[in-house]
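Presented sequentially are two complexes of subunit A, the first with subunit B as partner and the second with subunit C.
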Partner chain A sequence: MSYHASKHKEGMLLLSGLCVFMAFMLGYPAVANIWYSLSNISFSDIHTSEFVGLVNFENQLFSPKMWKAMGFSLQFGLICAALEVVLALLLVFTLHPILSRRPWLTAFLMLPMMVSPALMGVMYRLMLNEFAGVVPLYFEMFGVYVNFLGPENIYTTVIVIEVLQWTPFALLILLAARQAVSPDIEEAANMDGAKPLQLIRFIFLPAMLPAIVIVAFIRFIDSFRVFDHIFVLTGGGPGSKTTSISIYIYKLFFNQNAIGEAVAVSLILLFMSLILFVMAAKLIFRSE
Partner chain B sequence: MIVQPKSMLRRVGNAMRWVVLILAVTILNLPVITTFLTSFKSTADINAFPPKWIFSPTLDHYREVLITGNTHYPSYIWNSVVIATVGTLLAIALTFPAAYAIARHRTGSTWLLPIVSNLRALPLIIFAIPFYFMYQSLGLLDTRIGLALIACVINIPLALLMLVGFIQDIPRDLDEAASLDGANVWQILRHVIWPASRPILFTVAVLSFIYSWNEFLFGLILSTKNAVPVTVGATFFVTSYGVKWGATAAAMILGILPPLLIGFFAYPYIGKSMLRGAIKG
Partner chain C sequence: MKNLLLASTIAALTTASAAIADITILAWPGGDPEKALREVVTLYNDTQGKEDGSKADVIYFSRQGFKEKMLTDAAAGSTEFDLMLTATYDIGRYAPFMLPIDDLIDDETYKVFPPNAIETQKFEGSVYGIPNDLSLHFLYYREDYIGQLLSDPAWIERYQEISEKHLGQRLSPKAPEEWNWDDYIATAFFFTRSINADSPTRYGTVLQLKNLLFNMMLWQATVASHGGDWQDGDGNITIDSDAFRRGLAIYKTIVDNKATPGDSSSYEYGEANSAFGSGQVAFMIQWNAAVPELNDPEQNPEVAGKFALTHQPAGPEGIKTHFHSLGLGLSAASENKDDARKFLRWLGTSVEANTMYAQLGGSPPVVDAIMSKVADKRPDLPMMGEHAGSYGFVMNGGTSEHALRLYEIIAENFTGYWAGELSEDEAISNVEEEMRKAFAG
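Now for the complex of A and B:
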């Protein structure tokens, strides 16, 4: 046996554990998904489901509710990613002198990332509660009555919660990108009499652009699939006002027993995600 | 004399930066701070208006959640400990040899690595439904091992990416020297690569544990009674405990404390590799 062939065999052996595990945990569900999406499966007769063709896809592709949930997720993802990047940039440029001298302070800023989003949702529910929450009480003291969890404000509230929890992520990466800019360039620009805003506009932002694009993309796909904190706060309501595509699939599955249709939407979502990846990969590739 | 106003300006500017920092830390952590305070307040203090910031702390709510309240909360915490630990160890056991093969032999680097790393970005709900039926037929529904296997799937992408990145930077001379001494591949892994990878293994373990602990969707769908993790169990308080603010707050704090403490104290060690992993993902 040649050296390369034996190396290859050894490599395959080392990979086998992971491959078998992934094939079992993801391969089976992938195949099952395709069958479920083409059948009339339900909780009562899992084993006697029949082939129904593309009915499930047809029902969902022409369902305004599905597109409304998809639209919610897209909009939610875009708004959150944009706000997080802008906030993080403002914080990076303001706090950079402090944080680069005392890096340990950064640990306080990244604490929200360590909290489970579901529990974060519950904590906001306590904090924003109309009758006993701390925040509405303080607003009340200034004569302002706001019901943060009421139908008129809930959309803003779920966005603010997501932004407050994940701005730290954008902050960490953009801070690293800012610190990677060579001090020499900064000094040279300073000697030429550049004002701070000009420095940011012409030196830092262009240098940080690849990091900004990557952060925005990561945050977008993460917010796009949002489930946890919205589910514990509103369950997708009132009505379908805060129903993201993940919550929509969950509801089809558990509350409406429309399993075939839920899986069909999953596959539509998978397809859309793949398109998104290809587009993003091109974008990132170009910006680098 | 001319320098004077400029340095004044600089000092004011610096003070403003500190104000922004303190405000940012307070606002970002406000839910944790207020929940923490509420969990130690007596019920009378919780309902006080205006809200009290100074009060005599009580452990009553923690006692209720953990001992007297018949809440099953200790078993939820235990479930999360088991799920997160097993999910983390299994992920490392599976990805460590695979990462070595990818880093050194380039086996699978063109197909396995992209597949696994893209997995991280897919909406998890896509897998929820087939998992439900698969677990139902295998008898894994509502079991800790079932949820630990899922935690492992979720941890694998990050673990693999970070390990491959790190092992690539370990000098090849080390394993070649061991191989000349007659060590086989498993011995090289055990005695050369494993000890050299300790820092990254620590980071991977910490992050995997935190992610598994915080997982909610699969806990919600795949557990009903016996394997309920703390993230799901904590939400029961909102519906069934409605007005018991103190107990709910105590439950939240218990649920977020392990990842919060681990993350905070491990941050100086994991910060850098966390960034690298996030960017590559």
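Now for the complex of A and C:
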């Protein structure tokens, strides 16, 4: 047996464990989900589902409610990702001198993202309540009355909560990217007379671009599939005003008992995510 | 010697655990009913359980997503619990994963629970649960403020002006027992500071408008008291009716005139209690379960002892209140069915257990003889029995296997209307369409 053939065999052997693991942990659920998406299935007949072809996909692809939820998630994801990245960049450039001398301070900035999103929802449900909440109380002290959870403000409120919780994540990645920029380059640019804004524009931002794209992508995906804090705060309402695609799928699955259609939407979502992933990967490799 | 002792201990423990079969009860969590049920289970273990050679334990999921978790477990054939929660409005959904318990219901049961209470645990003619908590709605109102409204000439004059200006009719204040829905709205306006600067409260009432099925149960007395129903006797869907439009309008008028907090669209049970408990709301329609909490001076010093209860306002078809019962039923996947049935039999026939449960904060729909025993400590209980008997209604189709799903659809569309997201016609037409699809199968 040649050296290459032997190495190939070893490689296959070493990979086999991972493949078996993936087949059980991802492959089986994936196949089961594809079957469910092609079946008429509910909780009462979960073991005796009936094959219906693409009917579930057809129903959902032509459902205005599904597209409304998809639109909400898309808009929510884009706004949150953009705000988080911009805020994180501002924080990185402002706080970098302090954080590089006292890195332990970073831990404090990470606290919001350590709280579970559902708990965050409960927390804000209390904090923003007109009668029991501390935030409306402070606003009232200045003669300002705002209904943070009222229909007119609820969209902004859920975005602000998401941004407050997850900007630290973007900050963490972007701070690492900023710290990875060689001090020699920074020093050389300074010697050439570069001003702070020029340093950011021509040195740091281009060097940090792959990290920015990755963070924006991760945050978009994460915000796109938002569920917990919105569900706790509004239940997707009033009406369907804050129904994200995840809440839509959840309600379809559990409340409407339309398991096949819920899984079909999940697969549509998976397919869309794959497209996004390929696009983001291309962007990253191109910028590198 | 050590080994011998160890072996004896293990043998003794093994024998003991074989003799005591455990049953696990999955029950509705939170508040006084949870504490009360734990005590009842302890009572069983100390008394009847010893005779039955059975020991019961109780477990709880969190309230958020409770039904979904139970549904998933039940559909998966989980053996983690033997007895599970039942509710009038969703027995049909869980019935495929449960076993009927008709053979446990006899004259002994009716000495504890009246027949109409057992009826609330039936699906397609079979009994699926022993009821242990009755849920209905009261009108909670501040006695001090309403008392002054009925006696202070200046307040009466102002009330008449407000009703004339906002409702187009000069109404006079009435006692809450005599209210119709116009009185309800007019009084809500009177006690709203943005409408009446002299109001002692910030808002007249507090509505629960979160997109949540339970909030629709609270609202639909407005419809029932105007003769509305989901379906007529022939099975025709009757959502597009004057009764539903009037019910929607009652809430919309209050929302548009800001007589309920501006963030009511995110309110459910807890938020409404905190609004009323803050002393900034004059009255509200709320579940009976809130009585002990609001009357507790430690939790709600602003309102404890200052409010009274009555039925909801009347419509042309009289006074109505939605009611349902929660209960405990037998899981089809249980591996300890015999012991579980023994526990249910005991729960369904024990005067002591149900009296204890009521005294500790539960609301069992028991016969008058038991209600009267606890009336001193729980004056709301006899009232509940009376209201359920006199005013209780269940929408036609409200116990079907589609009920839960339909309540969700109603909640989504009607809360959307109140928030200005949908027109009245859109909301009604959406609900009609979904209801027609559901009942057509």
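Basically, the second predicted complex is superposed on the first by the 263 of 288 C-alpha atoms of A that agree within 3 Å, B and C clash if a C-alpha of one lies under 4 Å from a C-alpha of the other, contacts with A are read in each partner's own complex, and residues count from 1 in each chain.
Going forward, a residue touches a chain if its C-beta (ideal position, glycine included) is under 8 Å from a C-beta of that chain, and two chains touch if they have at least 3 such contacts.
Note that this is a predicted model, so its numbers are computed, not measured.
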Which of subunit B and subunit C A:L149 touches, first, second, both or neither: second
Subunit B versus subunit C as contact partner of A:T94, first or second or both or neither: first
Contacts of A:L209 with subunit B and subunit C, given as first, second, both or neither: neither
First (subunit B), second (subunit C), both or neither touched by A:S240: second
Which superposed partner A:I185 touches (first subunit B, second subunit C, both, neither): neither
Touched partner set for A:A132, first subunit B, second subunit C, both or neither: both
Which superposed partner A:V232 touches (first subunit B, second subunit C, both, neither): both
Subunit B versus subunit C as contact partner of A:Y124, first or second or both or neither: first
Touched subunit A residues, subunit B compared with subunit C: B
First, second, both or neither for A:N257, with subunit B first and subunit C second: second
Touching both subunit C and subunit B, counted on subunit A across the two superposed complexes: 46, 118, 125, 132, 232, 254
Footprint of subunit C on subunit A - complex, ascending: 43-44, 46, 118, 125, 128-132, 147-151, 154, 232-241, 251, 254-257
Of subunit B, residues touching subunit A in the complex: 14, 16-18, 20-21, 24-25, 27-32, 34-35, 38, 46-47, 49-51, 93-95, 97-98, 100-102, 104-108, 112, 116, 118-119, 121-134, 136, 149-150, 152-153, 156, 160, 185, 210, 213-217, 220-221, 231-232, 234-235, 237-238, 245, 248-249, 252, 255-256, 259-260, 262-264, 267-268, 271, 274-275, 278-279, 281
Subunit C residues within the subunit A interface of the complex: 64, 67-68, 71, 75, 93, 96, 209-212, 261-266, 271, 274-275, 277-278, 280, 401, 404-405, 408, 411-413, 415-422
Residues of subunit A touching subunit B in the complex: 7-8, 10-12, 14-15, 17-19, 21-22, 25-26, 28-30, 32-33, 36, 46, 91, 94-95, 97-98, 103-120, 122-127, 132, 134, 137-138, 141, 164, 167-169, 172-173, 176, 211, 214, 218, 221, 224-225, 227-228, 231-232, 245-246, 249-250, 253-254, 259, 262-263, 266-267, 269-270, 273, 277
